[in-house]
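In what comes next, subunit A is part of two complexes: it sits with subunit B in the first one and with subunit C in the second one.
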Partner chain A sequence: MRKISLSNLDGLFAKIAEKSKLYIPVDDNKGFAAFKLWAEGVKMSNALNTVRSAKDFFFPQMENLMEFKTEGKNIEIIDIREEKEDFVVFGVRACDVKSFEILDRVFLSEPVDSYYASRREKGVIVSLACGKPAETCFCSAFGIDPATPAGDITAWKTETDLYLKANTEKGEKLLSQVEGLTEDCDDKAVEEQKKAITEIVKKLPLQNLPLDKFGKGKTKEYFDSPEWDELSSHCLGCGTCTFVCPTCQCYDVKDFNTGREVKRFRCWDSCMYSDFTLMAHGNSRVSQKERFRQRFMHKLVYYPDNNDGLFSCVGCGRCLSKCPISMNIVKVMKTLGGKENV
Partner chain B sequence: MQKITRDALIEKAQTLLDSGVVTRVLGWKKGDFDYDVTPALFTDIESMKKDFVFGDFCGANFSKYLLKETKKIGVEGKVLVFLKSCDTYSFNQLLTEHRFDREKVYAVGIPCDGMVDVNKIKAIVGDGIVSIDDSAEVIKVETLYDGVKELNKADILLERCANCKSRKHVAYDELMGEDGEVIDSNRFDEVEKLEKMSADERFAFWQNELSRCIRCNACRDVCPACTCEKCVFNNPNSGVENKAAANSFEEQMFHIIRAFHVAGRCTDCGECSRVCPQHIPLHLLNRKFIKDINSFYGDYQAGETVGSRAPLTNFTKEDLEPSEAVNREDK
Partner chain C sequence: MFNETLIPKLGVIIDVRQDTPDIKTFRVVSPEGKKLFEHRPGQCAMLSIPGVGEAMFSITSSPTNTEYMEFSIKKCGCVTTWLHQAEVGQNVTVRGPSGNPFPVDDVFAGKDLLFVAGGVGLAPLRSVINYCRHYRDRYGKIDIVYGSRSKDDLLDYQEIINEWATDSGVNVHLTIDREQEGWDGHVGFVPNYVKELGFDTNKIAVLCGPPIMIKFTLEGLRSLGFEKTQVYTTLELRMKCGVGKCGRCNVGSKYVCKDGPVFRFDELDELPNEY
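And then the complex of A and B:
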């Protein structure tokens, strides 16, 4: 365990930024946090979490894939991928760190998504324990410990100091890079904070979700539940929940065609959108109910079906605070899971 | 202004359900916290007594929900909708545009002294809200970390309520309580500030705001003026379909095009800014249009009456020439 005084946080950031790009959560003019590139004078936000999740670093909202150029009857395919630079993301919360594992299972299984893989390889994650979880947090329901987040390095922030502990080789390397600034220490303060967080988590209102009612093999049980009608009835069909979600991973591949040149890019898509399942033959999800059901069945049943029972929700609570009509996965789980199992 | 209570609304709904005037009720359903209220349809009084809520977090404008509600096949009778004064302007505007069947709706106007923005509460008290007591003007918020804090409602109102344009209901079958007045509000103050900026400053302002856009389309989907069966931005055949906030130019164009599309029809209900997950002040674009329309063609309030022709779609010989508009001093 290493520690550094908070008064020297800028020094730590400067040292990291010497060798690689460093991103930290920063407040905007309205007091909401987003990950921004660190530079001299940029201050770290005290917000619990960023509005957008940290998945952006590995799976950005928009990304160019390749280009085509035509000349006469020839078509040239241009690989625009470049060697990615190392980068460090500082202050990722336990929920978002867990989301990387969920995304990895999608993008790093065969066929491996090389765009995602190269970013994952180059990125170093410094996670930060949650001293003051919000009422909308329910990561612990999914077995995530906000007191001990994963990541290459885990950090704990107390009133006076920042404590750092490496969990991986990448983390060791980064810690050795800043060794001169940090000092060896015991884990007393960290253990105290962990205990305090554990006590707070017990008081959070959404810790006891009926998770045992969901997971592998539950498709038939819930697919035709009459509750979907009411749950989805006032859904606006916007993509807010999917875009702020750290585990939503759907995208669309589009071509920007100038006539002689095509830029192929991908961008986030949302199962909440009416054209998400639009195909040549028509649309297989004709109403918002089916689109709504898809999102929650995917998180709670289909993904676990294909991934050893792992849920694809990390309880970050972003959809709870951002949905325009305050409908969310917690309400879905309580409504569906609360009913008598036939 | 008298405060309308949940019980009074349930009682009203019961009377209307029992007498067969309506068969269902559009209302607000309680959530997991005291602030995460969800729009819901109630078909019986028992479920209303259990889950219906009314308080300072019922900002949602139900007018647009009437499109879907009145088109349901096989559903008999009228739907009861509770409308705040601002909602009634959207209600009228939708009727002007023939978007729903008036005969299938029973509208009850309810007095409103402003709705509260939970984001403003969180900015003051922080995270970990345990409970919010909004039964009085001083709102008591209890958090996990800081005990109970008392907040003045005036300090935490939704933007549109802090700049409320009218407490007068312009549409209803029945009104609960006394009606209010049209208010000479300060809603154009922020627009004037923007007008006074240099073009570069204004560009920087909007670039900063719009660069946060994630193209979730919540602003469009909640907007009572955006009722196209299929939006061009969702239509692969339109040639402009675009899901990505590909660059700042496109983001700006999306919001500006949308503002143009609703110009003259936007009632300034403020739902776009209320739902934006990135807190972009989208209402300022719409208000700029409203302010300009007012100054070029005389005061006009969309939705004030049913069937009114908006200045932009109503030619008169007195209309100013386009050249006069572009030669304005504040250009």
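And then the complex of A and C:
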């Protein structure tokens, strides 16, 4: 365990930024936090979490995949992939760190998505324990410990110091880079904080979700549940939940003709949109009910079916705070998983 | 850098055949004139015209064809309309193969086979039919029931009457929806024709066509005594990546692009009815 005084946080960031790009959560002028590139004078946010998840670092909202030059009947395919730069993301919360494992199972399974893989290879994750989990947090329902987030390095922030512990080789390397700024220490303060966090988590309202009611092999049980009608009836189909969700990974591939060349790009898509499954001959998910059901069945049943029972939700609570009609996965789980829990 | 499945290969259209008023068959090779890649019967590939879009099509030519691949494409959307305007020499991009093939080398081996197709549904079946014809001695009797709106809408008509119908042990049963001048064959819908023909159940059946045809043909086969474990079909849903990652072609936990497009009806029973 290493520690550094919070008064020298800028020194730590400067040292990391010497070798690689460093991103930290920063407040905008309205107090919303987002990961921003660190530069001298940029201060770290104290917000519990960023509005958007950290998935952007590996699966950006938009990225160019390849280019084509076309002339008459001829097409030239141009592979525009290039070596990515090393980067460090500082202050990723436990929920978002877990989301990387969920995304990995999609993008790093055969055939490996090289765009995602090359970013994953270059990125170093410094996670940050959640000193004060919020009422919308339910990561612990999914077995995630906000007191000890995973990542290449785990960090704990107390009133006075930042504590750092490497979990991987990448983490060790980064810690040795900043060795001169940090000092060896015992884990007493960290253990205390962990205990305090655990106490807060116990009191959070959404810790006891009926997870045992969901998971592998439950498609038939829930697909035709009459509750979907009511649950989906107010859904606007805006897709906000999918965009702020750290585990939503559906994408679209589109072409843009610049006039000089055609850029084929990928961008986030949403199963909540009507044209997501629209084909020339019709749509397999005709109404918002089918789209709504797809999103939650995917998180709670389909994904676990294909991934050893792992749920595709990390309990970050973003959909709870951002849905314009206040619908969310907690309500879905409580409604479908048993009326007594509502 | 990893090989990337999203990056396609370059293909050249070397032949365009107007099969029906709205279906054309495109013959595609690499710029060097070779076959682009190997596939198994029933597998698909993504074709694209940069700037227009990319879409999934079944590979209609048999894997036993060593020279080229063919795609029979009905004009019905953005990419297909563009392709229908394409001429010989046009470059396209191709990537694949995607999905699981028909189990031609194990389950189908030694069995009598019944192929039932409607309209452009013959496109994916042609690959299997020609594969089984190529290895004729590996399979029993082959029956092919194929129907379309009219005589002019029958895909691969010349190949059917000149090659398939003249093979020994292959019976072709054609039908069109309505009476038409110059047609002295059967008239009526495919599901009814299948029931009229009344096949024995000691065989594997493969269905492909419009959903309504599949629904009633399956019912017909069931009334003849076929089990769902004997009947196969292929599904199609909207696709973007073709490798089970973009998240849109799933039926329950199965991705059509990766786990399909070939499904057995008892497997489909395990999936939600959303296709």
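Quick notes on this one:
The working rule: the second predicted complex is superposed on the first by the 333 of 342 C-alpha atoms of A that agree within 3 Å, B and C clash if a C-alpha of one lies under 4 Å from a C-alpha of the other, contacts with A are read in each partner's own complex, and residues count from 1 in each chain.
Everything that follows uses one rule, which is that contacts are C-beta pairs under 8 Å (C-beta built on N, C-alpha and C of every residue); 3 or more make two chains touch, one makes a residue touch a chain.
Nothing here was measured: the structure is a model prediction, and the numbers come from that model.
Once the complexes are laid over each other on subunit A, subunit B and subunit C both fit without any clash.
Within the superposed three-chain model, A:L236 lies in touch with subunit B and out of touch with subunit C [touch as defined at top].
Touch criterion met: A:E290 reaches subunit C, while subunit B stays clear of it.
In the superposed model, A:K195 lies in contact with neither subunit B nor subunit C.
Once chain A of one complex is fitted onto chain A of the other, the partner contacts of A:G31 are limited to subunit B, with no touch recorded for subunit C. After overlaying the two complexes on the shared chain, residue contacts for A:D269 are found with subunit B and with subunit C alike. When the shared chain is aligned, subunit C comes close enough to touch A:Y302, but subunit B does not. Applying the stated contact rule after C-alpha superposition, one finds that A:K43 touches neither subunit B nor subunit C. In the superposed model, A:P133 makes contact with subunit B only, not with subunit C. Within the superposed three-chain model, A:D252 lies in touch with subunit B and with subunit C [touch as defined at top].
After superposition on chain A, the vertex angle at the CA centre of subunit A, spanning the CA centres of subunit B and subunit C, is 90 degrees to the nearest 10.
In the composite built from the two structures, the nearest CA pair linking subunit B and subunit C is 8 Å apart. In the superposition on chain A, the residues of subunit A touched by subunit B in one structure and by subunit C in the other are 252, 254, 269, 278.
Touching subunit A in their complex are the following residues of subunit B: 31-33, 36-41, 60, 65, 123, 126-130, 144-145, 208, 212, 214-218, 220-222, 230, 234-236, 241, 243-246, 274-275, 277-279. Across the complex, subunit A meets subunit C through its residues 65-66, 68, 70, 73-77, 79, 81, 83, 106-107, 111-115, 117-118, 219-220, 223-224, 249-255, 257, 262, 264, 266, 269, 271, 276-281, 284-285, 290, 294, 297-298, 301-302, 305-306.
Those residues of subunit C lying in contact with subunit A across their complex are 1-10, 50-54, 76-78, 80, 87, 89-93, 236-238, 240-241, 243, 245-250, 252-253, 271-272, 274-275. Considering their complex, residues 28-32, 34, 48, 51-52, 61-62, 132-136, 200, 203-206, 230, 233-234, 236-240, 242-244, 252, 254, 265, 267-270, 273-275, 278, 320, 322, 324-328, 330-331, 334 of subunit A touch subunit B.
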